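Below is one structure. I have some questions about it.
Chains: A, B, C and D, in written order; residue numbering restarts at 1 for each.
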Amino acid sequence: MAVHRDLSPETPPPPPPAEEDDSHARWKASVVSELARVVDNRAINAEYRHLVADCGEESAQARPGQFFQLLCPQPPGGGQPFLRRPMSLYGVDPEKRRVEFLYKVAGLGTRGLETLRAGDRLDIMGPLGQGFRLNADCRHIVAVGRGAGLATLAPLAKAAEARGIGVTAILSARRPDLLVSVELFRHHGAEVITVTDSQSTSGPANVERLLRRLIAEGRCDAFFTCGSSRLMGVQQRLAREFDLPGQVAMEQQMACGIGLCHCCVRDFNVNGEIVSRRVCWDGPVFDLMEALP
Amino acid sequence: MAVHRDLSPETPPPPPPAEEDDSHARWKASVVSELARVVDNRAINAEYRHLVADCGEESAQARPGQFFQLLCPQPPGGGQPFLRRPMSLYGVDPEKRRVEFLYKVAGLGTRGLETLRAGDRLDIMGPLGQGFRLNADCRHIVAVGRGAGLATLAPLAKAAEARGIGVTAILSARRPDLLVSVELFRHHGAEVITVTDSQSTSGPANVERLLRRLIAEGRCDAFFTCGSSRLMGVQQRLAREFDLPGQVAMEQQMACGIGLCHCCVRDFNVNGEIVSRRVCWDGPVFDLMEALP
Amino acid sequence: MSETRDIDMSVRIGGLTLRNPVMPASGTFAEGLESVIDFNRLGAMVTKTITRELRAGNPLPRVVEQPGGMINAIGIPSKGVPYFIERTLPCYTPYDTPLVVSISAPTAEGFASLAAELSIPGVAAIEANISCPNIEEDGKAFAMRAESTENVTRHLRAATNLPLWMKLTPNTGDMPEVARAAEAAGADAVVVANTILSMAIDLKTFKPCLGNIMGGLSGPAVKPIVLRHVFQCARAVGIPVIGCGGISCADDAAEYLLAGASAVQVGTATFVKPAVMVDIIDGLATFCQRRDIPRVADLIGATVIEEADEPDVSWLSPAS
Amino acid sequence: MSETRDIDMSVRIGGLTLRNPVMPASGTFAEGLESVIDFNRLGAMVTKTITRELRAGNPLPRVVEQPGGMINAIGIPSKGVPYFIERTLPCYTPYDTPLVVSISAPTAEGFASLAAELSIPGVAAIEANISCPNIEEDGKAFAMRAESTENVTRHLRAATNLPLWMKLTPNTGDMPEVARAAEAAGADAVVVANTILSMAIDLKTFKPCLGNIMGGLSGPAVKPIVLRHVFQCARAVGIPVIGCGGISCADDAAEYLLAGASAVQVGTATFVKPAVMVDIIDGLATFCQRRDIPRVADLIGATVIEEADEPDVSWLSPAS
């Protein structure tokens, strides 16, 4: 297996540049950084907070699996986060022009996010990256998430519903009270199966059993997953066994978020060759079979 | 006239160091940096704001002419002021443990001060520097101030009253509505004469006339001044002519505020020799006759 | 944008006239930025450094945030020259903005042959990133010393007729001398500067924060240092100096021009504010307008130095 | 303070044992600080650099604030040796804390005779600030080059039996070599480092913000750069390295110790937080306690470097 890191596949071509005679008029940004206005920012359980913000037209075009880069305010006690922080789209309303995020307070930047109150401004940049692709000939998909992946997968529920695609969501967490997105999936007609560490239901063996049943029932035309490399491994095995397609949303530390800096690379196995891709630009959603843990 | 810059006179000796056997117990800070609690911070006219803060025991020992170094919060629009900003003591209450400042919004730091609300914390460091000395054999002093000098001179009013010393305050400003400390001086029994540019009463000639009258009336045993080098010049001339003592509070950009860095030096004329002194440590109050404009 | 009409924003860098003095710094620019800003607004475009060989780049983590900046050790992941010519170059040819190609090689000959190979239509200038190790000199970067800089510049000069910009490192004690060496050997401009070698240690693991142990500091934190280098280099050479280090607003760019830069490159600031280069261009125009300065080029080297100001370097290192 | 009891905070710098590794940086410490902190808590005390001659210092303004730091061009206002011995020294002798006297001179002989003159009771060590111009070498600072560093160190070594610390400049490209030269010539420790030469221009007046045009950057902004220098120097020499640059909390100090510093100096942070050195001492004790590290000296050079981490300097300047 030849190792060539950072040999990204062709990146999506840039939008066709404007013609010379009328360039300024023609060119239009597809990614913006704007001062969104916070509508709400509250804890929904012991770990996660839900942030809702009014935004502009472009941001409100975000699609499931895409993400934003947030310029986090300074948390109390000082220390200005210098770089933006990536956050998956959790919800979007193109009419109301509103985006939602679900985040866990981890370090400097997210501690800054925590301080935001309704009415405050938040500099958001997006929508970014390649989101999930919902294939028209899919009838029923399975979404398997854990951790921040529960936020990343959430917007699939509405999108699948809109396309008449059935969804089974297997949502994993340490404890039942730390599960998120359960109501959201149900609201959009998905079947939700919750598995937790405290109930000893979240192990790979149990999830594999659940998935095998769904496959057997013809309710798994594709896997969508995020947030657990163990569960990703289970799905990769089943996908190979049953020749099913799948997509996975990956995380990596980011600086620019738009493919400039090559700090967010990960290795992928593309037909037996290891290639390096930028999570922000070539992903964050990748082909399940190419992802490496 | 020999020029030796930065040849400061003897600095006040440090407090006697503790003995070895019991050093930690004996040593006590005379200057502290503490998080004071803002009680009030409001505009009193188009230029000046009045900041009142609850503080600790040491800060509340501040005396007229001393100053504090304030660690200003970040103003909206970013840019964290790195160094502290010097502010004269405007008022102090040792019983209530409260200090007051009067400040003009000038740049980054003071724009940060402006954002403070009651209940906020403000890191103040002080009391700093050599304040005004009120000689017991003075019967009547004259205080001449302009600009930030109106704040610096203000606490003299109460101190003089307490010692039974009469005060005449000549307060100068561009317009009558920009005058500050007038009521404060009156409250403590001082006679107040206001002079302004808009009324064409603030010129040196007029102030000199006022001062000559006070001297003639025996109501000027000493000058106390701050905030105008033109008016300082007038007083130096009169002090020489009538052999009167005087004190002047000076300004200079500061970094440390406690004599460490030598960034706040000014030249003084000491018996015909130019010597350099640190405004923060040797001053900010200096002998009127030694000051250079 | 209407403000920009009244001000002549153009600057000359050797043989090239740029529509304005603002361009990206190598390694912080790629096609992806087209989703945020119109490349036809820029003074020039500068590619990530490319090498002849395929290169993997450095181990992760490649970036660590610092107060007022970041340290990076991306390395130079490179897909080689054919990929660049066939796939990357065509992305930029549609724009009416000169493309500067940044190159690197481990030997002077390597630099020369790479420059020759890339002296093709669509490439407006070569920027030689000589802040990389010279394998013929024990791995010391070319730009650490005047001699090796002169040597590599001479090789490059012989290999290409394109405008040749030499990008210097601030990790040397001799920048003005190195700049003079580049000028003597025929460079058309010097870019001052690359990042400042730095380090951070993770207090949880006691390991370096970067996979590469050390990396280059960039962002606002380096601005006062690199501004000084630009001031010193601009006084040392007659060719244009292109300033690069911590520029994140029009005021920063104006400060660099005043210090003697003929143009500026913007790097890290784009990560935080992706449209910052356009803001800087508009802001420079406004800066000139407010002061009745008709041409942005009038700012170049316009710092007022008074007689009495002659530096007494005292306990500082000398001002070259 | 009770925490400090359990941890052995002492460190050895050449012949000196310090009660803890925290001391002020030269030029940021004076008697005035006694009003804020107890000097008997410090690891050592370090004076502002003194010279034989009377010196005025630089024109004003001497300081300009920067994001995350400040640039200063104070110069070395000095009242000469007799004043120091008669008036300054007695202020420090009552304390049970070693006093390090920082000296400077324009020639190697000047350094030597000043050191000899100051090798008197009450002085525990000499810190030679060789970041100042060497008038015998065209004004280049001694510490810019290994040869001049070796020469001045040799002269100093012959002139005093006191522990000799050489304070280096980061404005050279050769710090590890310079440090090796100091070691070879008999220095007991190197202090890494002085400030980084920098500049700022006032956009209202177009004049330099400092009377001296250029000055030295200090404060948090320089920390990642100087930490790297300490890491490189500590690997280059066997004598202790004293780290100095941007330290403003216990975590910063711990990072320097991990990088290889045997002690640290704190400068600019004291201007912002005057009691910061005491906080750092207490914080380092807590740092060790939380990790069950019995002696603060165990942190020195304890950075974990894994095999795979061997730096690939790529487009950065080489790691010495």
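Rule of thumb we're sticking to: a residue touches a chain if its C-beta (ideal position, glycine included) is under 8 Å from a C-beta of that chain, and two chains touch if they have at least 3 such contacts.
Computed from a predicted structure; not experimentally measured.
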item	value
Distance in touch steps, counted as few as possible, from subunit A out to subunit D	2
By number of C-beta contact pairs, the top two chains	C-D
Relative to subunit D, chain with the most remote C-alpha centre	A
Euclidean distance of C-alpha centroids - subunit B vs subunit C, Å	48
Euclidean distance of C-alpha centroids - subunit B vs subunit D, Å	35
Centre distance in Å when subunit A and subunit B are each reduced to the mean of their C-alpha atoms	59
Residues of subunit D whose C-beta touches two or more other chains	27, 57, 66-69, 74
Of all residues in subunit B, the ones touching two or more other chains	80
Residues on subunit B engaged by subunit D in the complex (per definition of touch)	3-8, 10-11, 13-18, 20, 23-24, 27, 29-33, 71, 79-84, 125, 252-253, 255-263, 265, 276, 281
Subunit C-touching residues of subunit D, taken from the complex the two chains share	27, 49, 57-59, 66-69, 71, 73-76, 104, 129, 131-133, 139-141, 143-144, 169, 171-174, 194-201, 203, 205-208, 211-217, 220-225, 227-228, 231, 251, 254-255, 258-259, 287, 302-306, 308-319
Partner subunit B, residues of subunit D touching it in the complex	1, 27-41, 48, 54-57, 60-63, 65-70, 72, 74, 77-79, 87, 91, 94-96, 219, 270-275
